[in-house]
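The next part holds the structures, each set out as structure tokens.
You will see chain A twice below: alongside chain B first, and alongside chain C after that.
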Partner chain A sequence: MTEAALPAPVAAPSVDRERLAAIGFVLPSFVIIAGVFALPLVLLLGVSIVDANGLTFANYKRLLGTPYYLGVVWNSLRLGLLTTLIAFLISYPAAFALARARGALRSVLLATLFLPLAASVIVKAFAWTILLRSDGIVNETLMALGIIEDPIRMIFTETALIVGAANIFLPFMILPIYAIVAQLDRRYAEAAATLGASPIVAFFRVILPLTLPGIIAGVALVFSLSVSAYVVPTLLIGEKYPTLATAIAKAYLLAREPGFGAAAGVVLLAIAIAVVALSARLSREPK
Partner chain B sequence: MARAAIIVCWVMAIGLALFLIAPLLVIAAASFSPTPVFDLPLTGASTRWYGRIGRLDGFWPSLLLSLQIALLSTAISLVSGTLAAIAIARGKLPGANIFATALVSPLMMPGLVLGIALLQGFRAVGFTAPWATLLVAHLVITLPYVARTMIAGLARFDFTLIEAARTLGCTYPGSVLRVMVPALAPSFLIAGIFSFLASFDNYPVSIFLADVRTKTLPIRMLQYIEEAPDPTLAALSTLILSGTVILLFVSDRVVGLHRMAGTSD
Partner chain C sequence: MSEAAPHLVVRSVSKRYGPTTVLDHIDLTIRRGELVTLLGPSGCGKTTLLRAIAGLAQPDTGKVELAGRDITHVPPHKRNVGVVFQSYALFPHLTVAGNIAFGLKVRGAARREIDAAVERALSLVKLGHLAGRRISALSGGQQQRVALARAIAVEPDVLLFDEALSALDRKLREEMQVELRRLLQDVKATAIFVTHDQDEALTMSDRVAVMNKGRIEQLAEPRELYLRPASLFALNFVGLSTRIAGTVLAAGNGKVEVETKVGRLSALGNFQAGSPVIVAARPEQFRIGEQSEANTAAGRVRSVVFQGSRTLVEVDAGAGESLLAELSGRDGAIPVVHDEIRLSWPVTETFAFPMEMQA
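Moving on to the complex of A and B:
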């Protein structure tokens, strides 16, 4: 009697139908990732080891066997390492201050992190070429302060490159660290102090391990972005600091050597995958 | 000791804020330069560079192209990425975790490598029309942003709400539209903004697919900077930046920047 008044119960779809629907839902994304991402990368690997005469490792021999190109690989790694180091040294302490900030101050600080993300890399690199010119603001300020007497050459130096790269990739370091630090319970440090740990011991045995996931995420992100940066070295240092990224662009856009460019791409890809794999492993490891 | 550490933290935070904001202020200031060189600090102000943006060689076609590619690729990614995220969140998909990782993995790949891989791949199948290749390529650029945000958003969504709505007499499409879509609106907005910006700003992938007549705005801008940088470029950069700031400000009013910090790690 009462049952008739209720709407008919929703028939539970069978497990097979649900699974089929799920597969249908992921199909478009699967096609994109498989067809426009995975397959082309496999093809790239093929292009780097196959030429008109069949299988060849000449491209890799040239890349990893000649001093000039070893220097190019090292330039990329050096750019990645220095940028990551500087970004970390600034971001880590700053994240703690940011986590303590409240109200308007926090909004202002957060805005300074997000605003640069809204500006394209090209715009920011362009700004640094203006800032670092010999008659630019940085030189004029240093001269006005009496730190230097004559303008120093900054643009097209490694210093310019690293300062610009650190500036552009910094938000990717501080955001993951801040996300962890903001959730950190301050009582951990207090508990360590109560149990007799000095602030230094408390930092290295309690705070640092707890914030490690944020550090790993930030380091992996900034390193993989800066090691493969193209616009930043092109505008801030140019020809005299060739990197894997600029070598790839040159091989494809100017020299028409797709095999060699593909090999350089595979090496850059291998570096990126190694960083991702290493960071995934590190953040899974039990403390 | 602890006090010294706190002071160091604050000095770093304020230094960092100034360091990050400096290039943006410089671009904005340079756009009002009264002379064709970047004389800073300014000795006067002029808005004439803004009037010259439209006369930059090839500016309008490039702007139109970048907008088309960014809007279309974002729209397609929002649909396919959300569907995939639903399937992953419902837990009925075999190998859901692996697929979720695969969906966001293009984010960690060097853009330039993706660019040459796509160039080779498209050439291999004879797909060479620049406009279409750019659109297809930008799907891989935008999809990871949508997938990441929607997977995180749906993880917090309670699917029994849909069943509840249906029990109360709603049709299935009706309950999705009236329960699920409003609950996920903030995630859609964040996903849409990030994926639009990722496409609109992309240089390393587009450069390998563009040709002389089909150049996206970032390609044009780098070309202007390398050929003849003048304050017109600073004016254009300032306009793009202002547009983005307005977009972010509006979305902050709607969903909160703080929430964006949590989902963009």
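Moving on to the complex of A and C:
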């Protein structure tokens, strides 16, 4: 009929229009992301490699070429890795316990995880100092019980730092693992058992691989939080454990070396991005 | 036959969850190479019985023996019982071949042995070309086959299927029923199927156990189950039937005379006079007209359903009772709706069941 005689490429403009509409929808958020996140990063990078005399890598040479600052980088990495490790060791079984818990118990446990998120990191770090200092609750209790005679030095040690950081960032490890474990079908473990796998073998060959995405998400979160933590090391250990985050603060606030601070920021960012990218890669690729 | 020795013995197994008795002193003996179906309504305890056999649920009382071994307290991974779950429970982080190899790997089999077994299992279920596929990239029917291959690869002493075919569409399910039966017979597997689909039960099994409320009401070959149901429940659950309520007038010699609303009927059964009973017969026993040694009743044809080789005729016998007859059309004309007809059926194919057992 008459429609049949119409020129064929009627559909083509509509496809373009769809495309255009899609771009139109995405554009505002793209602009926001570019303006709020990407642009400052570009500026940061710029500040770190440009000084009054033009292009320079002096800031990076100082950061990665002097033993003192290499130690600072190492401290940050150490803080990130150890905190992540401790948080993982506590969170993995905790996530299973949480998933097994029923009714009121589960609600209470979830609340104890979520509520601390509402409190500032400063408050939590300060709470740890109250617990751990020489006249703090832990030492007083141990002395009152006669277990020790003199207070043990706990605050301002690396152990205190790691324990405190692991505690403060714990929810970010438990929750992603819990989300996976809660979804895990009990039949997987049962199928493994009927195929001859002992509980331990079933754990390593089935449960652990199936919960890996949760672990990877938790590790990425806790590592990026703890490697860049500023308040926690400042309050729990202070000057003698300089990290990239505290070095950045010093560069900007005390030394007035924005170029050096920016370089430290870029290095810190590179470490975090490397870990997140690696974990994204691990969670995508099945063995 | 030497294969007639008991292979799986369930002895007086009971299981309670809270106040409900889910398994009530179950006894079940299965021979090597036998295919047995547990048939029953939802919630009657079929899955629980399978789980008790697999070691995934601990019975409160009773014993389970497999291949001459008391496995009542053996953990599931040491039982050598294969399970095909309704949801298949295939490991999503492993490939098809990885899933099938799993059982042998955890048993520490040699690499070459594993490869050979995987290949054999894959070719049995005709999935050789999909060995490297991810589970998420398989259709429902293919997943079903992988689950089967994974279970048989370890050569379990008994294979348990919990509604393993119910997720498939009707046509595929019917194909798989036939194929699965042939395959299991080929590998000489002993297997228990759980289903609430009576056709599946009759197609797949050497014997059918009809379960009701945690008990096995009848364990019989499909043909016997159909022709000689042991209870009203079994009669209702498998196949169609005519059922008429009445009261026993006289009894003796394994026969009863029953007064019903459609007249006096004779049936097989042992009851005391005065007992309320249900008299029942299968539709294909009915003929139009009289025959000797037969019950008879008359009525008006309510519906005629043509089903190819046979025709189902429902007759309103008055007083709220109806008769269901299956006529082949060979022995006479098929009536039409509103015809007044008289039907007869042999006394020896008429059964009386106690009224209170009605499910």
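Quick note on the criterion: the second predicted complex is superposed on the first by the 254 of 287 C-alpha atoms of A that agree within 3 Å, B and C clash if a C-alpha of one lies under 4 Å from a C-alpha of the other, contacts with A are read in each partner's own complex, and residues count from 1 in each chain.
Please note the rule applied: a contact is a pair of C-beta atoms (placed from the backbone, for glycine too) under 8 Å apart; a residue touches a chain by one contact, two chains touch by 3 or more.
Since this is a predicted model, take the numbers as computed values, not measurements.
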Item to check | Touched partner set for A:Ala255, first chain B, second chain C, both or neither | outcome: neither
Item to check | First, second, both or neither for A:Gly136, with chain B first and chain C second | outcome: first
Next on the checklist: For A:Arg205, using the defined touch cut-off, is the partner it touches chain B, chain C, both, or neither? Pick first, second, both or neither.
Outcome noted: second
Checklist entry - Which partner does A:Thr194 reach: the first (chain B), the second (chain C), both, or neither? => result second
Checklist entry - For A:Leu81, is the partner it touches chain B (first), chain C (second), both, or none of the two (neither)? => result neither
Next on the checklist: I'd like to know which partner A:Leu64 touches here: chain B for first, chain C for second, both or neither.
Outcome noted: neither
Checklist entry - Counting residues of chain A in contact, which comes out ahead: chain B or chain C? => result B
Item to check | Footprint overlap on chain A, where chain B in one structure and chain C in the other make contact | outcome: 199
Next on the checklist: Give the list of chain B residues in touch with chain A in this complex.
Outcome noted: 1-2, 5-6, 8-10, 12-17, 19-24, 26-27, 30, 38, 40-41, 79-81, 83-84, 86-88, 90, 92-94, 99, 102-103, 105-106, 108-114, 116-121, 124, 136-137, 139-140, 143, 147, 163, 166-167, 169, 197, 201, 203-204, 207-208, 218, 221-222, 225-226, 229, 233-234, 237, 240-241, 244-245, 247-248, 257-258, 260-262, 264-265
Item to check | Residues on chain C engaged by chain A in the complex (per definition of touch) | outcome: 54-56, 75-83, 85, 87, 89-93, 102-103, 105-107, 134, 150-151, 154, 156
Checklist outcome for this item: Per the touch rule, the chain A residues reaching chain C in their complex are 185, 187-188, 190-199, 201-202, 205-206, 209-210, 212, 286-287
Item to check | Complex contacts: residues of chain A adjacent to chain B | outcome: 7, 10, 15, 18-19, 21-23, 25-26, 28-30, 32-33, 36-41, 43-44, 47, 90-91, 93-94, 96-98, 100-101, 107-116, 118-124, 126-131, 133, 136-137, 167, 170-171, 174-176, 178-179, 199-200, 203, 217, 220-221, 224, 227-228, 230-231, 234-235, 245, 248-249, 252-253, 258, 261-262, 265-266, 268-269, 272, 275-276
